[in-house]
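One chain, chain A, appears in both complexes that follow, with chain B as partner in the first and chain C in the second.
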Partner chain A sequence: MTIWHKLERIDRRILFVLVALSVIWASIRPMGLPLSVSPYTQMVFDQVEKLPKDAIVIMSPSYSPGSEAELLPQTQGVAVHAMRKGAKMLWVSLTADAPMYARKVMGLLAAEFKYEYGKDYIILPYKANEEASVSALGHDIRAMYKEDVDGKVLDQLPLWSRVKTIKDVSLVLDFDTGTTMLTYIRLLGAPHGVPISGGGTGVQVPTRAPYIQGGQLQGMLGGLRGAAEYEKLINVPGRALAGMDAQSLTHAVVIIFIILGNLGGWMIGKSQKGGRR
Partner chain B sequence: MSGDFGVWLAAIATLAVFSYLWKNNPVFTLAEHLFVALTTGHLIVTAYFNIKEMAITPLIKGSVLWIVPIVLGILLYARFWKNLALYSRMPIAFLVGVGASLSVQGQVDASLVRQVTSTILPLNNINNILVVIGTVTSVTFFFFTVKAAKGPLASIGTIGRWMLMVAFGAAYGNTVMGRMSLIIGRFGFLMRDWLGVIK
Partner chain C sequence: MFRKEIPLTITFVSGVILVFAWLLKVPVLKQASAELVRWNVVVSAFAAGLGGANLLRIHYKRVNTRKETWVYSLILLVALVCFVTLGISTGLNGKTYRYVWTNLLTPLSATTFSLNAFWISSAAYRAFRIKTGEAAALAVAAVLVMLGRVGIGEIIYAKMPAIADWIIAVPNTAGMRGVTIGGALGAVSVCFRVVLGLERSHFGGLGE
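Presenting the complex of A and B:
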């Protein structure tokens, strides 16, 4: 077996170990590699930045623990920014796990920003069927919700008295792994003119880009990197920014192995008759 | 190091799942079965409380209309009895009808008109030129009405294929980035919440 054969057939476990060591090394000894802010992240930041004081925004954490590593830092970063701007938040739940994340984020931040439940934010209960729920949000938000997530009558909460129709909402910030952002675009953005923004997993960025291009989506945070860029913009270094060195280092490891594997395959092909295996 | 039993349990489960990367083993199998069982249990509990809070409680409080979705929901199970299976089609028809009507709403504007208009751009910068060329050539690649093995249509289609390759490459890159983020998230949990070696 030549060195090229060895390169082509590197044991995948070596790659796993090196990726693990890269993550551990970068986490213990951060290198502070430079991070540029993408235009899509800047767009999300600008949308939140231009919110007037006391504007009402919908926060929609539409994910589950499987994608928490990417989307929770995004939700936290954007929530911090919105709270700095004094925005009032309606936490809408289109997934069964959403109330848990709403509670988690507000549990971490409400005291710091002196946000009072009912006055500055409300957590709305989970409603099944995202299509029907988002459509109902647009048609008659007050008819859709009568009680909050804990069964409190919404009419007794001061913030709810400001919500008459969806037109009272200045911005929808959705963080999703599936289709909720597209549902918001289709059923709130297009018919009611409510700006839609937020974030998603890295995998979703290419599929959402046409909607940003079309002006239907006001930017998007892509994965952990998007969250890190946002943390940089709001100057609150958090877990996402801390994870960027690890991300860069693991990417470098993967790229090196892709090059080595391809080099091996290419050299073997070259050495064989006809240049192809 | 954490003194929280839940954190220890999560850390051991994480390591058990990671052990598969070395090779399949009984610890991984145990973790896999536990995961499936816990997920099923979680879903059942969530579904139970959703039905209870969203339908049964309002019904008991006097909102009699909730009897309609409850009956429709029960009818879904009629398919398990041959002589009653017909009735399961009623809730399915309702679900499909409502789903289709809601999906159509805004679809034409959001997914067709706005998408087409956003590609009609002045060719005054490199981005716009790339968007127009990319759209036209990619759509041409899927033009099957005329057989175009040779000639200009085939060349345009080839460019379109390259454009698609670039798009798939970007999607793959983002997928790798996403998966790495998950690993970083798990390692972050192990090192921060469990071992306490990083802040």
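Presenting the complex of A and C:
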């Protein structure tokens, strides 16, 4: 077996070890690699930035623990920005785990920004079937919810008295790994004119690009990079910025392996052609 | 009749109300449509319960008959029953429930998802082999986007992020638009067929 054959068929375990080492190395010794802000992230930032004081926003953490590493830093970053702007938050739960994330984020931030439950934010209970739930939100938000996540009557909470229809919501910020953002676009954005923005995993960005260009989606944070860019914009370095070096090194390892595999393949092909002649 | 005609009639009436409520500004239709949408949320909650019950039934049967991989079914049943019991008894904000969620479910899910990093790396190494013009275009685009999304790319060439953004915003969007429009047209036609009772596959064998 020649060196080219070896390059073409590198044992995948070597790749696994190198990927693991690059993540560990970057986590132990951060390199502070450069990070520019993409236009889609800037659009999300601008949407939150132009919120008037006391504007009501829907925060919708539609993910589960599997994608928490990417989406929780996004949710936290955007929540910090919205709270700096004095926005009031309705945490809508389209996934069973959403109330947990709402509590987690507000547990971390409420005291710092002096946010009071019921006055500045409300956590709404989980409703099954995102399609039906978002549609019902648009039709009649007050009929959709009567109690909060803990069973408190919503009419007793001061913030709820400001919510008459979905038109009272200035912005929807959804963070998803599935289809909830598209559901918001279809059932709240298009028929009711509520601006939709938020974030998702890195692989979702290409599927959402047409909606951003069509003006139906006001930007999007893509994966850990999106979260890191947002942390940079709001000047709150956190988990996402710390994780970018690891992602950088891992990408480099994968690219090197792609090049090596192709080099091996080309050289084998070349030698076979030469042999036939 | 109860298993076929009545569901078909309910589907037809509901579909017609929702479509016309969208197209016409008739208050009665709007009100009926809002009510139907609310009912849908309630029906969905029942469907979720039915899904859970079905999951229990299937896996109980597997364990009972000692089918291949029955041990996994047993683990699923134990986890499901324990987690549901815990959730109902302590509430979603209960200390024990949150402890299990934070210290068991979260790390397990995160670990499973993190394995993607290894599988995707291995898949990329094997899949991006340049043997044709199309494969070359795919590999070059993939490498440029990968580089453009990380800091190392910016060190290599300052405009790498802009190149990656362009690939996502122009050629990718053009392709995605076609896929999305095609999918939407297909969804509209399936919806019409369901409302008119022409599409009956959701009845299982009954619609045949």
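Throughout what follows, the second predicted complex is superposed on the first by the 273 of 277 C-alpha atoms of A that agree within 3 Å, B and C clash if a C-alpha of one lies under 4 Å from a C-alpha of the other, contacts with A are read in each partner's own complex, and residues count from 1 in each chain.
The rule is simple: a contact is a pair of C-beta atoms (placed from the backbone, for glycine too) under 8 Å apart; a residue touches a chain by one contact, two chains touch by 3 or more.
None of the values given here were measured: they were computed from a predicted structure.
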Inset, instruction - Figure out whether A:G193 sits in contact with chain B (first) or chain C (second), or with both, or with neither. - result: neither
Legend entry - Contacts of A:G215 with chain B and chain C, given as first, second, both or neither: first
Inset, instruction - Report for A:G107: first if it touches chain B alone, second if chain C alone, otherwise both or neither. - result: neither
Inset, instruction - Mind working out whether A:D150 is in touch with chain B, chain C, both or neither, as first, second, both or neither? - result: second
Inset, instruction - Please indicate which partner A:H139 is in contact with in the superposed arrangement: first for chain B, second for chain C, both, or neither. - result: second
Inset, instruction - Check whether A:R239 is in contact with chain B, with chain C, with both or with neither, and answer first, second, both or neither. - result: first
Inset, instruction - Go through the superposed model and pick first if A:P99 touches only chain B, second if only chain C, both, or neither. - result: second
Legend entry - Touched partner set for A:P52, first chain B, second chain C, both or neither: neither
Inset, instruction - Using the superposition described at the top, list the residues of chain A that contact chain B and also contact chain C. - result: 16, 19-20, 23, 66-69, 127-128, 131-132, 135, 202, 205-207, 210, 213, 222-223, 225, 247, 250-251, 254
Legend entry - Touching residues (chain side chain C, partner chain A) in the complex: 33-34, 37-38, 40-41, 43-45, 47-48, 92-93, 98, 101, 105-110, 112-114, 117-118, 120-122, 124-126, 128-131, 139, 142-143, 146-147, 149-155, 161, 165, 168-169, 172-173, 176-177, 180
Legend entry - chain C contact footprint on chain A (complex, rising order): 10, 12, 15-16, 19-20, 23, 31, 33-36, 38-40, 64-69, 99-100, 103, 127-129, 131-133, 135-136, 139-140, 143-144, 149-150, 202, 205-207, 209-210, 213, 222-223, 225, 244-245, 247-255, 257-258, 261-262, 265-266
Inset, instruction - Would you pull the chain A residues touching chain B in the complex into a rising list? - result: 13, 16, 19-20, 23-24, 27-28, 66-70, 96, 125-128, 131-132, 135, 151, 182, 185-187, 189-191, 201-207, 210-211, 213-216, 222-225, 239, 242-243, 246-247, 250-251, 254
Inset, instruction - Provide the residue numbers of chain B that touch chain A in the complex, in ascending order. - result: 21-22, 46, 50, 53-54, 98-99, 102-103, 105-107, 109-111, 114-115, 117-119, 131, 167, 170-171, 174-178, 180-188, 191, 197-198
